[in-house]
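You will see two complexes here that share chain A, one where it goes with chain B and one where it goes with chain C.
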Partner chain A sequence: MSKEYAILPCNGLDKCAGCTARELAIKLAEETESEIICPVFYRVADARYNKLANEKPLLVIDGCASRCASRLAAEKGLKIAKKINISEEAKNAGIVLKTDSLRLGETEKLLVENLADALVTEANAAEQTQEADFFPKQLSYDVYQKDKFIFRIPKEAAFFFNENDVWVYVSGGKARIGVTDYVQQSLSDIMFFTAPNVGSELSQFDEVGSLESGKAVFEIVSPVSGTITKVNEDLLNEPERINQNPYEQGWIAEIELEDFEEDKELLYDFNGYFPIMKRKVDEFHV
Partner chain B sequence: MADTGIGAVRMQIGVISCSGEEILGGTLTRMATRKVMEELRPGQAISLCLPLFIAGGEEERNFARDYPVISVDACERNCAKKSIEKYSGQVREFIILTDFLERDVIFSKTVSMKELTKEHYRMADKIAEEICKKIDAIAAGQ
Partner chain C sequence: MSAETFMGVPREKIDWSPRIDYSKCNDCMECVKFCPHNVYEVKEEGEQRLVVKNPSNCVVFCRACGKACGVDAISFPDKSGTTANIKKIRKGMEANE
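Right after this comes the complex of A and B.
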């Protein structure tokens, strides 16, 4: 589950549990980038929420045993990512919800706080796991050595390279890019990293930031087209991470791919790039 | 029928509010209905839960068939009024916030209870007054 939910609360005005469900939904929407599906309006107007319910993981919050929100999700054929029942959660926490008023008391507010904290923590952990799963924890390299200098190339099949010595790792519709060992060895100690803007759209071979060392400025040429979703901000203060390992801690940016199948036609895989890099190393005295 | 405790028997009247999450107006109808039920006309005003009503809640639907109902909608979508008409018959009276509150406020983003301002509570009080007028009018003609 990502940090963003589509939240379908019961929104009931019959019991305090329904009011608590509503408050939890709003709190989550305020603290994450989640959006709420109004259970009443959803029945009246499908189109307004169908896209949202299918795009984001669905969190269903029922108030009581009537489970109106779950029933609505079932009627609409929605896939539920997570389900919460306020009455059951209260029971598990040893809390007795009000029965004489719909107004939320301190106990109900505390329950909302605790449930919201747990959900946000869980969502963040899931996001980090998802993040870690996107890129391999360990890479295997093939190495070319010239004098004392070592040039590594990752052997994983999901790595591709352009002639400008920029790599891209592709997983689904997402990619991570960076420069190869040839670039960092050629530049020597990298002192400045100019990052691309998150959200900017780029075509294949557009500039996607630059690196500067005492020797030269290197313009990073994007191997793929798409939209920048993330930048390795650690590099802004520690550009030397690229010298340490340009494939792991020295990655440059992440991109939501536009059309990788088309981009791939102008890229090399490991077998294609390795001889190119060897030739460059042999011709260039680091 | 509920006993008022002063010798008279008052007619129970259902109040069903849109309570929508889409706009702030839904929250205001929710607050007003709660105030009428708990403070202004306790025992006489019976709130009907709209999500439960449209999900097939038999008790809610039967009540709406047997007793007069006032719908309280935030906007012209009239989710509450239309739902009653679809499943239980005509509403006796209806309220739409756009008739007497600023549209900008009604259509603004919904907020959690802790973000509600004094102005929001004042508006909810105004809506509650309107609901009470309808309740009293229905009761007077009973």
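Right after this comes the complex of A and C.
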């Protein structure tokens, strides 16, 4: 799991609920990329944790109704992303926490286990939904083959193409772009990728980076207008990913769209682009 | 051989091809070596040896040969004007259908 929290737990060692909160924090830090803020140290010297608390979403784990961890977060002006209260969770699970010992028993350990699992699963699901919402995990292709060369085109309706052989996948106001198989096959082994700048604004048909092989330089012509929000940085070291699959691991950049309805006027869908690509392939190989 | 249409518009109706500033061009011919579409021709003699022989072969919106030019002698038409013109021609074609 790559979800990271800054965890601010109660670790009130005078109650079993506090000890359980502390245990849950340790377990989450072990199983995820999260980091723990020590509430005692934070109270007296916040410089140590201010950066962490502002960089990662804050998970507050309170032990009991005193909600010391929540109050500390409020006192420090922190924005809480998620909150858990051990005593409430125990109650919901029908568990009575120990009152005669600060050591965690089997019941408390099981509660920690279940809460940690639920948090990890929840974070993973949120992450996957976000990814899946924007770009499909798997694509289905139609293929045109000429000699030993295979040219794939994704069939999903959210793909559009310009006549400069650049695709765009559109989802809401976001888009991902890349080149088609025609480009990577014609260039052959791509050796260099010049990336566009994140934050730069583009009009439709502006240059959005370039690709270079031993055979030629290809200027990537943007199919859409908008602002670059992300670049596939893997391509800087491994431009061959474009040759492997220019629609999946070889995507170029992500763009916050400006006016896709306008851009769409000069784009093709799958049915429009497929015959154009076939014609280009046939002419290229003549 | 290049496409005869671009976005359904006859290619010759789209004004997109390199313009050469002969006051800057030093006849290095890097653009000719660069362009795989046979847009340029090199004349054996004369003042202006480099010529745009096949403007319709030029890939609409491609400006890559301009970057190969060390003395910045190559320019292209205004892109947004070209886009607007393509849209206008397409609208006219739709109306005639």
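By definition in this document, the second predicted complex is superposed on the first by the 155 of 286 C-alpha atoms of A that agree within 3 Å, B and C clash if a C-alpha of one lies under 4 Å from a C-alpha of the other, contacts with A are read in each partner's own complex, and residues count from 1 in each chain.
In this section, contacts are C-beta pairs under 8 Å (C-beta built on N, C-alpha and C of every residue); 3 or more make two chains touch, one makes a residue touch a chain.
This structure is a prediction, so every number in the text was calculated from the model and none was measured.
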Taking the superposition as given, does A:S66 touch the first partner, chain B, the second, chain C, both, or neither? first
Name the contact category of A:P39: first (chain B only), second (chain C only), both, or neither. first
Can you tell me whether chain B or chain C touches more residues on chain A? B
Could you look at A:A93 and tell me whether it touches chain B, chain C, both or neither (first, second, both, neither)? neither
Taking the superposition on A as described, I'd like to know which of chain B and chain C A:I150 touches: first, second, both or neither. neither
Partner chain(s) touched by A:A216 [first = chain B, second = chain C, both, neither]: second
Considering only the touch criterion stated at the top, classify A:A118 as touching first (chain B), second (chain C), both, or neither. neither
So, does A:R22 touch the first partner chain B, the second partner chain C, both, or neither? first
Pick one for A:M191: touches chain B only (first), chain C only (second), both, or neither. neither
On chain A, the footprints of chain B and chain C overlap at residues none
Chain B contact footprint on chain A (complex, rising order): 9-15, 18, 22-23, 25-27, 30, 36-41, 43-45, 66, 68-69, 71-72, 101-104
Which residues of chain A touch chain C in the complex? 163-164, 203-207, 210, 216-219, 221, 265-266, 276, 279-280, 283, 286
Interfacial residue positions of chain C with respect to chain A in the complex: 1-3, 6-7, 34, 36, 59-64, 67-68, 79-80, 83, 86-87, 90
Touching chain A in the complex: which residues of chain B? 17-22, 26, 30, 33-34, 37-38, 47-52, 54-57, 60, 77, 79-80, 82-83, 110-113
